[in-house]
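Next come two complexes, and both contain subunit A; in the first it sits with subunit B, in the second with subunit C.
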Partner chain A sequence: MPPSASLLDIKYLSVAVRLQGRQIDIVDRVNLGLARDRTLAIVGESGSGKSMLAMSIVRLLGDAKRFAVSGKIHFDGKELLGLPEARMREIRGRDISVIFQDSLNALNPVVPIGRQIEEAISRIGTSSREAGRREMLRLLDEVKIPSPERRALSYPHELSGGMRQRVMIAMALASKPRLIIADEPTTSLDVTIQSQILSLLRDVRRENGMSMIFISHNLGAVAAIADDVAVMYAGQIVETGTAEDILSVPRHPYTRDLLLATPRIDRPGELRPIPGVVPRFDSMPFACRFAPRCRGAREVCTQKPPAPAEFRSSTDQQARCFFPAGERHVATA
Partner chain B sequence: MSPLLDVRNLRKSFAVSRSFLAPKRYVRAIDLVNLSVERGEAVGLIGESGCGKSTVARCIMGLIRADAGEILLEGKSLSEARRRRNTRAHERLQMVFQDPYSSLNPRMNIEAILTEPYRIQGKLSVREMRERIVRLLEEVSLPSDSLSKYPQHFSGGQRQRISIARALALRPSLIVADEPLSALDVSVQAQIILLMKKLQKVHELGFLLISHDLGVVRSFCTRVAVMYLGRIVEEGTAQQVLDDPRHPYTVALREASLPPDISARDRLNKIQGEIPSALDPPLGCHFHPRCPRAMARCKSEVPGWSVLPDGRRVACHLYPQAAAPSATQSDKG
Partner chain C sequence: MIRFILGRLLSTIPTVFFAASAVFFCARILPGDPAIAILGDAASQEAINTLREKLGLDQPLMTQYGHFLTGVLRGDLGNSMVSGHSVVAEVADVFPYTLELTIFAIGFGVLFGVPLGIVAALRSDRLPDYVARVISLVGLSCPAFFIGICFILAFSIYWPIFPVIGSGDVVGQAGHLKALIPPGITLGITFLAFVARSARTSVMEVLPEQFVRTARMKGIDETKVILGHVLRNALLPIITVSGLYFGILLGNAVITEVIFTRPGLGKLIIGALNSRDYVLLQGLTIIYCVIVVVVGLATDLISACVDPRLKLT
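Entry: the complex of A and B
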């Protein structure tokens, strides 16, 4: 795709945490692009660094002194990494919205949800109170909260988890952002509610022409909502491509094994676990980080880190592996 | 021969009061549940949060006392045994909890955790205990140098192996596992499923698996019961219930369980509404406000059991009820 179509361009992004005088890399030289009007899912297990990666984009890592972020984050014509905090706060309030997993902690417990949404609306402009209220009710309606007038007066604890997540989405939409980052937004919800929220996220993203980064460990949720997928393992992106390619013709052994390890209703007999455990950040394998658990690992896999390979059949798909499945493009990157 | 576990007409309500002076109201957590597990059989109890499935597990384990009904293990009443403080009955019945972080005492090393059941039982010498726990570690595939370590040295999956080893110590005939996989990463879940399968076979061990994950249940269980707001609504073999669900609620659950391929995209948002409060459950069939096929009588009449030609039971007015007048929900199907 031409570079102008890209909303977000991440180059060599690393996040390190300072622990007891040591610096430990959590996210390791990530390259990632997100086009306009698309959903990119970042998939990985716990400890893969997927949330760190996403939160480093909006500088919401917590105590800034503990984290060292390096690389380039190009968003909508601006370089985010060098921006002063005040500018960054503007971008978070206007251009990029974040939806968290835990809606109960993310909302103010003593303010009715309608007021909280109105506050989010007022942050982007100088509309009158009346206009702000109208917009708030419109947003509650857009996220399909029944009887918005009455619900606007509710406090967060009076709402179910699904309803609270709808409120979070309404707040995220309030500033008409160009990018929404949703960090495991449906993880604590029941499956029928998850299905409703995923559908809502997909619809509001499309209707508002935004892009979305969807962070999840749930391959089913990713399959339902993502256009593109980046698979993370132990702080690195190991495979990228369209959702269709990644899920139907995975190239990296980790992606393939993760799909085979996922219990499926329609394939009950085919369960195959991945041996071993995710390596700890303070003792990462030096070469390919998946090699100790990889069934296809050979000598070279423990000697040097692999570069991303591209494939003849799909120019968008890349896998960081010496021996990926499928025929490689002749000139590898 | 009597089944391994026989739960008959179980009821449990919890009192809730909004304020000190307000009259007490009751939440019917379990409204007449019948359930059985045969020797060496794995039965899945599925449903969304608040449906009462964990309350069933806790009643079976004696962690809470049921209001009415009977629980028989190997033909003997468990409440009777508990009244007489007969701990032998408990040795045959063990539990594995969801959270491998809070269910192991962090101040006890693995040796202490695994010998505790034997010390309480008080039958074995120190040497015999030592032999047993070394064998237990082998059975759950933990390294033999684990004994002197503490829970914090282990990953979530390894801790769940320790929990399983502890449950196995007294050679139970039934293990009740309440969401034992939901805190684990996907790559590790499959390891634990295969471990439980092996133990089930080797020891002819019965399992009652409480889970919200239909894929997990399909991979491990041969029989399944589906709960909604305190009642079982469908029961049959895993193949019948999960591959070809008949109760509209089971159909909705199946639809909302997203497979990791792009067919997931067509499955979103098929069910409306949320699970109602158990304080004020809908009359008639509890599911009727969300049911796409609800009829007039569903609003007033509690459906009895229908036995379908394939042998499964469904509590739904869509299916003709068994001719025998005794075939109501209060009887065993």
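Entry: the complex of A and C
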């Protein structure tokens, strides 16, 4: 995609953590692009570094001394990584907002939810308290919370998980951001509530003309909401492409295994778990990181890291593998 | 709510009963006799016996105990053996002095202790934290009588800014307030250290919470994040431990009042102890019990206001 169309352009982004005197890359030289008005899903198992990647964009990794972020994050013409904290704070909550996974802990337990949303609204310079309150009620209505006037006074623990997640979404929408990062927003919810929240997210994104990064390990949710998909494994992006391509013609063996490990109603009994676990960051295989768990691994896979391969049939798709499924376009690099 | 308060007050009756009984018997185990204390060593045995009779001390112990309990049940704490005034009147006379002293100490402790604790937590393991830790350590390990005497030496004798003793009443309102400062700070500094410590701990516990990250995500000022989100949640343990500390504060107030020769409950109870004024001693014990219970109750009510998740049951 041409660079002018992209809202977010990530180049060689690494997040290193200091562990017993050693620098360990939990996110390893990630390249990603996100176009305006689209949803990019980042998929991977727990511990693959997908949340770390997302939080490093908004600089909310937690203890800043422990993490070293390097690379480039271009957002809407600005380079985020070099920005001083004060400028970054302006971008957070105005241009980029985050929807967190665990809505019970992510909301302040002792402040009514209405006030927590108003606080996010106040950032965009709403003229008066009264106007802020009206906007807050409108947002609660937009995320389909019944009787907003009454609910605004509720505390987080008085709401159901689904309601709380709607509050999180309202809070993220408050500043009318251009990018929303949804960090596993449906993981802790019931299946029926999950689909409600997913369609709500899809609708509000479209209506407000925003872009979204949707982080999930749930491929069903990804299929429902994403335009593009990046598959992450052990801190690296192993496959990128449109959601349709990735979910129907996965090229990387990890993506294929991930799809086979997902229960599907039309293929009962065909569940196949991926053997082994994601390698620990302090004992990362030096060549292909998936090789130890890969069914098709050959000698070369343990000798040098693979470069991304492109394909003749779908030009947007890339897989970091020596032996991807399908006919390769050209062997790059 | 009303039921909660009533229930809590009712449940304190056994506490008060046991405390009062313990004091009743302990006071009588102590060597010494109120009659001798009042009349002096030189008094004749006859005079002593007459006074003992008048005070009811000649009756069997259990009869005296029975009189005491029925009196308390009627709301009558009796009359001081020494002055003859009613215990309630004696207490009412000096209670305002102790009240203003403890309020000053609590205000001083909270006003300086909470910010000190917050700064220590935010700059943990750096210079401000070390300074706060030293202040806390000194405050917690120096007893009130030591700090009080240092205070008198420094600010009343070496630099005579404050009066050495008394309540300063004779020099009017301003003098009264001025005389409150040294004992107030003496009593408050330990409380300050205590509050700073618990504030540091609870702020450090709240800081990594996810809702703090949410607040930062909104892009609001860090000051607002700390005061509006971190402190709001860190307040609860601070209130709880402060309420628990109140009992210790009352004990320190006794010592402080004696050092600065201030009128107050503390001075009253020490006097009662020295003159073996059993009735006053018993009455004061009951009053101390009730104060501690009421403060505990107030602590719970304030906690419930601060944290909507708490249910008063």
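Basically, the second predicted complex is superposed on the first by the 330 of 333 C-alpha atoms of A that agree within 3 Å, B and C clash if a C-alpha of one lies under 4 Å from a C-alpha of the other, contacts with A are read in each partner's own complex, and residues count from 1 in each chain.
Just so it is clear, a contact is a pair of C-beta atoms (placed from the backbone, for glycine too) under 8 Å apart; a residue touches a chain by one contact, two chains touch by 3 or more.
This is a predicted model, so every value here is computed, not measured.
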| item | value |
| --- | --- |
| First, second, both or neither for A:24, with subunit B first and subunit C second | neither |
| Touching partner for A:45 - first (subunit B), second (subunit C), both, neither | first |
| Subunit B versus subunit C as contact partner of A:287, first or second or both or neither | neither |
| Subunit B versus subunit C as contact partner of A:223, first or second or both or neither | first |
| Touched partner set for A:196, first subunit B, second subunit C, both or neither | first |
| Touching partner for A:160 - first (subunit B), second (subunit C), both, neither | first |
| Touching both subunit C and subunit B, counted on subunit A across the two superposed complexes | none |
| Touching residues on subunit A, where the partner in the complex is subunit C | 58, 60, 62, 89-94, 97-98, 100, 102, 105-111, 119-120, 122-123, 155, 157, 171, 174-175 |
| Residues on subunit A engaged by subunit B in the complex (per definition of touch) | 45-46, 160, 162-163, 190-196, 198-200, 202, 217-225, 243-244, 247-248, 257-259, 261-266, 268, 271-275, 277-278 |
| Subunit A-facing residues of subunit B, complex | 48-49, 155, 157-158, 185-191, 193-194, 212-216, 218-219, 238, 242-243, 252-265, 267-272, 274-275 |
| Residue ranges of subunit C touching subunit A (in the complex, touch as defined) | 208-211, 213-221, 224, 228-229, 232-233, 306-309 |
